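Please go over the structures that come below.
Both complexes below contain chain A, partnered by chain B and then by chain C.
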Partner chain A sequence: MTTFLPFIILGLTSGAVYGVAASGLVLAYRTSGVINFAHGSTAAVAAGIFYWLHDEHGMAWPFAALIAVLGLALVAGAVMERIAAVLARVPTTLSVAATVGLSIALTAVIVIWYGPAPLQFPSFLPSSTFKLGSVLVGYDQVITVAIGIVAVASMSLMLRYSQRGRAMRAIVEDPELLSLTGLSGYSVRSLAWFISTAFAAISGILIAPSLGLDGTLLTLLVIQSFGAAAIGAFSNLPMTFIGGLVIGVLSALSTKYSGTNDWLQGMPQGLPFIVLFVMLIVLPRRLLVELGSAVQERTIGRVTGGRAARSSKAAVAAILLLIVPSVVGAHLAVYTLAAAYLIILLSLSLLVRTSNQISLCHMTFAAIGALAFHHLTGSVPWVLAVLISGLIVLPVGLLISIPAIRLSGVYLALATLGFGILVEQLFYARSFMFGDALSLATPRPSFASGPKAYYYLVVGFVVITYIAVRAIEQGRLGRILRARADAPEALTALGLNIRSTSMIVFAISAAMAGMGGALIGPIFGVIGQSTFQTVPTSMLLVVLLVLGSRNRSAGTLGACMIAAAALVVVPDYITSGTLQSWLNVLFGAGAIEVAFAYRGYGLSSRIKRLRSPGSPIAPDQPSSRLSVPILIEAPK
Partner chain B sequence: MLELREAVAGYGDSTVLRGVSIEVSAGQAVSVVGPNGAGKTTLIRTICGLLPVRSGARIIDGVDATAQSVHAIARAGVCHIPEGRGVFPGLSVRDNMMLFAGSDGKRTAVERGLSAFPQLTKHLNQRAGSLSGGQQQMLALSRVVVSNPSVVLIDEASLGLAPVIVDEIYDFLGRIVSEGIGVLVVEQYVTHALRFASHVYVLQRGALVYSGAPNELGSQEQLFERYLEGDLEQSRST
Partner chain C sequence: MTTDTGLTVENLTVRYGGHVAVSNVSLSAPAGSVTGLIGPNGAGKTTTLNACFGVVKSAGEQHLFGVNMTRKGAVGRSRLGMTRTFQRMRLFDTLTVEENVSMGREAKAAGTTWLTQFVSSPASRRQCEAATRDALNACGIEELRDRTVRNLSTGQRRLVEFARAIANEPRFLLLDEPSSGLDVRETEGFGTVLESIVRDRGIGVLLVEHDMSLVSRVCRYVYVLDFGIKIFEGTMSETLTSPLVRAAYLGQELTDVPAGSDA
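Our next item is the complex of A and B:
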C-alpha cells in the first residue's frame, strides 16, 4: 500500500484540479448549451496573467491569483455570454468550430506573450510537508484539494438551493419562459460564465507549477475536463468532481507502471479520453441528449448558381491546380502536401456538410492510411497500395461510427477527439504503428518519381475524390444524409434505416482520409510520428473548413482549397513564428465570426446588440438566409 | 391596467400586427378570438415584450413601457403563460414554483401555488415534464398566484386538454378575475372564451374587426360568418 499511497496523493491533487475545471465546463454547458473547447486555454491565459503579476512583477500570490481569476472571469462573463447566446442557436458544427477556434486563438496569444518555449512556473503554495503515516504529504497538495472541494461543493449547493441556481438550471430548457418570470437571461448566463471561467482560471493557476507555463500543455486541461465531465454525464457536478479525482488517481497510478510496461507509456495522457470514450458508449442515450438542440437552427443552406456557374468554378479550380508547379518553384513540395490535405478536407466536408456530423480525428485516419501504405508498398503495385490503404481505414471508420450512431452533435465531436488522442498517445509509439523508428519509407511510384510528376499524380487523386464526393452528395445517399440532418424522424417514418447511412458515410469519409494520408508519405519519402500530429491538425481542419465555407460562392472544392492553402501553404511562406501566431488569432476570431454571420448578425447589428445586452434573442426572427454559409450545401 | 396603442409588430421582414389597440384593466376578463393566423399569438407576445413594438406604444399602469425588456415587463406585473409550454420540464414542480416567484417571495411560493392547485401536492418532487398535460397546465397557471401579477395573458389555455380540466381552468380564471387581476385569454375555440369574457376583441389578418361586449357580437354562427367574410375579402384582394 505504501508504494501506491504517494501516487494516490499525487493523483488526488491533480484530480481535484481536473474536477474544478470540469465542473466549470459542465456549468457553462448546462446553462448555455455550449461545450467550451476553449476552457483549457482560458486556464492557460489565467496562468499567464498570474505569472506576469506574481513572478514578473512580484505581487504577492494571493492578490495575483485574485486579480487573474476575477479579472478573467469578469471579462468572460460579459463576452462569453454574448458569444454563447449566439452559438447555442447555430448548428453544432459551427459552434464546435467557434470554440475550437477560440482555443487556438487563446493558445496563440500565450505563445505571442511568452514565446513558444514553455517557461518554468515556480510553485507558489507553501512547499513544506507533513507525514501521513509513512508518506510525506505537501501542504500545497492539501490546499489544492481543499480549494477544489470547497469550490465545487459551494457551487453544487448554490445550483440546488438558490434562486440563481434554479434559474441556471432552467435557462437552457426555456430561456424565454425564464425571462417571462422576470429573471433576466443575460444576468443568469453571465453569472454562469463568470463562475465557469473563474473555475478554469483557478485550475490553470493550480496546475501550472507542475506543467510549466506552456500554452499547448495547459490547453489540454480541457481534455481531462471532458473525461471528468463524462463521468458526471455532463450534468452532475459532484460526480464530475469525483470523476476528476478518478482520472487524476488513475493517471498517477499509470505513471507508476508506464516506466516498466510498454503498453502504458502513453496512458497518463490518453486515460482521460479512454474514460470519455467508454462513458460516451456506455451511458444511456437519454443522458446524452444534446442540450438546447431544440432551439438550434436546422435550416440547410441552399447553394446558388446553376450547373454553368458550378462548372466555371471547377474550371478555375482546375487551372489553379494545374499551373501551380510552373509558378511556385522550390515550394512545390508544400503545394503537393496541400493537395493531399485537399483530399482529407474533401472527405471531412462530405461528413460535415452533408450529414452535419463532425469528426475531430480525421488526421488519425490519415495516419493509419499512411502506415498501411508503408506496409503495402513494394509488395503491391503503387496505385493499388494507395487504394488498399483507404480500404484498410474503412473498418476503422466503421468502428468510430458506433458512437456516431448513438451520439449526435457535440458528443460525436468529443468521441472523435477522444479517439484521435487515444491513438496518438497510446499507439503511435507501438511497433505496429510508427514504433521507435524515426522514419518509415514511403516511396514515390516509378512512373511519377519527380516532384512535378508526383504533384500531378496527387492532383489526379484530388479530382477523383472530388468526383466521388459530388456523386455521393448528389446521389440517393446524399439526399438521405441531408434529410437525416434536417428531420431524422421523418426519414425513419419513410422506413429508412438512418443508422446504417451514418455508419456508411463515416466509413467512406474515413477511407478517403486514409487515402489522403497515404499520399502524404511519398512527398517526403518517409513518415514518422511527427508527420501526423493528429489532434491540433484535426481541430484546425474543422475550423478551416468552416472558415473556407464563409465565402458562399466558393463551393465545396473552393472551401477545401482555401482551407488547405491556409493550413499548409501560408505557414510555409511565413517564417516568423509570431506572425503565424497572429494568424492563429485571426483564425479563431474568424471561426466565431462565421457562427455569428450564420445567425444573421452583421457587424452593425452585432455592435447594437453589445450595447443593449438585455435585449432578448428572439428565436422567431429567422436568420437571414443570405448570410448562411454553404457549410451544409445542397447540390442542385 | 395594461394598454397597447396602435401597435405594429411582426417577425423578420413580415408585419403581422397592423396597428392594434387593446386594453386590459384590473379585474377585467378579456378574450381575443380570431381564425388561424390572425395574429393572436403575435399580439400576446408583443404585449409581454417577446416581440418589440415597431410603432405604437405599450403602457403599463400609465407608464410607457414600449422599450422595456421582457423580464422588466414581467416584473412590472405582466404574467404571460405561453401556449403549451409554461413550465420548465426538467425541473421539479417545487423548483418550478420557486422560480415562478421571480426575484422575491419565493419563501411562500410553494404554499401559495399548492393552495390554488392542491392536486399538485403529491407531485412536488416530480419532474414537471413527467406530469400529465392537465397537471402541467395547472402548474403553469400556478404562476399566477405565485408571482402576484396585475395582468395575466394566457395563450390557448384549453388546447389539447380534457373538457373537465378546461372547466377547472376557467373556474380558476374566473376566481382570479374576481380578485381584481386583469385576464386576457387568447383562444381558437370560442365557446369558453366568449362565456368567460366581459370584453371581446376579434382579430383578423392582424387588425381588430370587433371590440365590445360578447353578447353584441351575436351568435356563434354570425361570428363564423365574420371569419369567413374576412377570408373572402382576403381572397378577393389577392
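Our next item is the complex of A and C:
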C-alpha cells in the first residue's frame, strides 16, 4: 500500500483540479447549453494574470489569486453570457467552432504575452510537508484538495437550496418560462458564467506550478476535465468532481507503471480521453441528450446561383490553381501543402457543411494516412499507395463513427477531440506509428519528382476529390444529408436507417483526409511527429472552414480554398511569430462573429444599422432562420 | 390470419418507469379504411401510435398484414410497408415541397442496402419521380412544388407531410393528429384528400385524432382510450351515441356531440 500511497495523493491533488475545472464546465453547459471548449484557455489566462501579479510584480499570492480569479470571472461572466446566449441558438457546428475559435484566440494571447516557450511557474503554496503514516504529504497538496472540495460543495449546495440555484437549473429547460417568474435569464446566466470562469481560473492557477505557464498545455486541461464531466454524465456536479478525482488517481497510478511497461507510456496523459471516449460509448443515450438541441439546422444553406455562376467560379478556381507555380517562386512548397490541405478540408466540408457533423480529429486521419503511405511506398506503385492509404483510414473512420451513430453535435465533437489526443499521446511514440524515428521517408513518384510536377499532381488529386465531394453533395447521399439535418426522425419513418448514413459519411470523409495526409509527406520527402500538429491543426481546420463558409456564395471549393490559404499560405508570408499569433486571435474572433452573423448580429449588419439608425436587426443572410414560425400546438 | 387485416395490436402495454401509460389495449385496423383512435388529452393515443411504430418499448404483439413485427424498430416496420406522420410535423424545412415529397420515396429506395444510399439507378430515379408526381397530384399541392417548405402555412405543411408519406407508397399509414393547427376549412380539405387516397390506393390508416368532425367524417370504426385503457370500440355511429364515450371524452354535463367544437 505504501508504494501506491504517494501516487494516490498525487492523483487526488491533480484530480481535485480536474474536478473543479470540470464542475465549472458542466455548470456553464447546464445553464446555457454551450460546452465551452475555451474553458482550458480561460484557465491559462488566469494563470497568466496570476503570474504577472505575483511573480512579476511581487504581490502576495492570496491577493494575486483573488484578483486573477474575481477579475477574470467578472469580465468573462459578462462577455461569455452574451456570447453563449447567441451560441445557444445557432447550429452546434457553429457554436462548437466558435468556442474552439475562442480557445485558439486565447491561447494565442498567452503566446503573445509570454512568448511561445513555456515559462517556469514557481509553486506559491507552502511547500512544507508532514508525515501521514510513512508517506510525506505536502501542505500544498492538502490545500489544493481542500479548495476543490469547498468550491464544488458550496456550488452544489447553492444549486440545490438557493433560489438562484433553482433558477439556474430551470433556465436550461425553458429560458422564457424563467423570465415569466420575474428572474431575468441574463442575471442567472451571468452568475453561472461567473462561477464557471472562476472555477476555470482556480484550476488554472492551482495546476500551473506543475505544468508551467504554457498556453497549449493548459488548454488541454479542458480536455482532461471532459473525461471527468463524462463520468458525471455532463449533469451531476458531485459525480463530476469525483470523476476528476478518479481520473487524477488513475493517471497517477499509470505513471507508476509507465516507466516499466512500454504500452503504458503516454497513458497518464491519454487516460482522461480513454475515459471520455468510453463513457460516450457506454452512457445511455438519454443521458447525453444535447441541451438546446432544438437547433438542429444545417449550417450552410443551399448555394445560390445558376450553373453559369458556378462554372465561372470553378473556372476562376482552376486558373488560380494552375498559375500558382509560375507566380509564387520559392513559395511553391507551401502552395503544394495548401493543395494537400485543400483535400483534407474538402473531406471535412463533407461532414461540417453537408452533413452537419463535426470532427476535431481530421488531422489524425491525415497523419494515419501519411504513415500508411510511408509503409506502402516502395512496395506498391506510387499512386496506388496513396489510394490504399486512404482505404486504410476508412476502417479508422468507421471506428470513430461508432460514437457518431449514437451522438450528435457537441458530444461527437468531444469524442473526436478525445480520439485525436488519445492517438497523439498514446500511439505516436509506438513503433507502428512514428516511434523514435525523427523522419520517415515519403518520396515523390518518379514521374513527378520535381516540385512543380508534384504540385500539379496534388492539384490533380484535388480535382478528383472535389468531383467526388460534389457528386456526393449533388447525389442521393447529399439529398439524404440535407433532409437529415432538418428532420432525422422523418427519414427513419420513411424506411432509412440514418445511423448507417452517419457511418458512411464519416468513413468516406476520413478516407479522403487520409489520402490528403498521404500527399503531404512527399512535399518534404520525410514525415515525423512534428509534421502533424494534430490537435491544434484539427481545431484550426474546423474554425477556418466555418470562416470560409461565412459568405455562402463561396461554395464548397471556395470555402475550402479560403481556409487552406489562411491555414498555410498566409502564415508563410508572415515571418514574425507575434503577427502569426495575432492572426490566430483574428481567426478565433472570426469564428465567433460567424455564429453571431448567423443570428443576424454579425458585424456587417451592425455596420448597416450604424449607417441607418432605427432600422431593425436584419439577418445577414436572407435564409437565416429568424423567420421560422415556432410551431405551437393548437390549444385543445 | 388473412392479409387484409392490416394492423393488429394485441394486449399492448406501455410503461414509463412505474407509470402505465397504455394498459392492455388491443385493436385492429383493416386495409382500405380509416380506423380512428380517439380519447381525451393524455389518454395514451400518441403513445399507442408510437408503440405501433416501434419507437417506444411495449409489451404485447403487433402484426402488419399477418407479419409479426413486434421486435422490429421503426426502420424495420417502415420496410414492411408502414409509415407515419407526426403531430409536431417533421418536415425538411429547408427543402422545397417537391424535394420533401420526393424524399418520401427516395428514402425508401436508399434504405435498401448501404450502397443504395449514395448510388441511385435510373430506374429508381424514375420510380421516385412517378411517386412524387402522383402524391403531389393526389394531395392537390402541385402548384406549391417549388416553394420552400418553411414558408408554408400550417395547413399546407400538413398536406406536404401527408404527401411525403403517400409518396413512400405505404400499405399502412399512421396519422398523428393531422388536424392539429388547422382551421375548420383546412381540416375539411384534409379529410377529402384522405378519403380519396384511402379509396384509390386501398391502404389502411390508423388515425389518432382530436377533432371529432374529421373523425366522424372519415372513420369507419373507432377505438376510444381514456387513461391508457380502451373504454369503447365500435362503429362511428355507435361511438357517437355511446354515453360512456361522451362521459369520458366530453365531460359528464354535456349531452350533445358538437362536431368539431374542440378545435
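Methods note: the second predicted complex is superposed on the first by the 595 of 636 C-alpha atoms of A that agree within 3 Å, B and C clash if a C-alpha of one lies under 4 Å from a C-alpha of the other, contacts with A are read in each partner's own complex, and residues count from 1 in each chain.
Rule of thumb we're sticking to: a residue touches a chain if its C-beta (ideal position, glycine included) is under 8 Å from a C-beta of that chain, and two chains touch if they have at least 3 such contacts.
Just so it is clear, the model here is predicted, and its values are computed rather than measured.
**Q** State whether A:Ala493 touches chain B only (first), chain C only (second), both chains, or neither.
**A** Second partner only, chain C.
**Q** Between chain B (first) and chain C (second), which does A:Ile472 come into contact with in this model arrangement: first, second, both, or neither?
**A** Second partner only.
**Q** One more residue to check, A:Arg482. First (chain B), second (chain C), both or neither?
**A** So A:Arg482 only meets chain C here.
**Q** When the two structures are overlaid on chain A, which partner does A:Ser184 contact: first (chain B), second (chain C), both, or neither?
**A** The answer is first: A:Ser184 touches chain B but not chain C.
**Q** Quick check for you: in the superposed arrangement, does A:Ala170 touch first (chain B), second (chain C), both or neither?
**A** In the superposition, A:Ala170 touches chain B alone.
**Q** Looking at A:Arg285, would you say it contacts chain B, chain C, both, or neither? Reply first, second, both or neither.
**A** Touch partners of A:Arg285: none, neither chain B nor chain C.
**Q** Which partner, chain B or chain C, touches the larger number of chain A residues?
**A** Counting contacted residues of chain A, the larger count belongs to C.
**Q** On chain A, which stretch or stretches are contacted by chain B in one complex as well as by chain C in the other?
**A** Looking at chain A, the two contact sets are disjoint.
**Q** Which of the residues in chain C come into contact with chain A in the complex?
**A** It comes out as residues 41, 53, 74-75, 78-79, 83-84, 86-95, 99-100, 103-104, 106-108, 110-111, 114, 116-120, 150-151, 154, 164-165, 168, 180-182, 210, 262-263.
**Q** For chain B, which residues count as touching chain A in their complex?
**A** 11-12, 45, 48-51, 69-72, 74-75, 79-80, 82, 85-91, 95, 98-103, 106, 143, 147
**Q** Write out the stretch or stretches of chain A touching chain B in their complex.
**A** Those residues of chain A that touch chain B are 163, 166-167, 169-170, 173-174, 176-185, 614-616, 618, 620-622.
**Q** In the complex, go through chain A and note every residue touching chain C.
**A** Its residues touching chain C are 297-298, 301-302, 472, 475-477, 479-480, 482-483, 485-487, 489-497, 500-501, 504, 623, 625, 627-628, 631, 633-634, 636.
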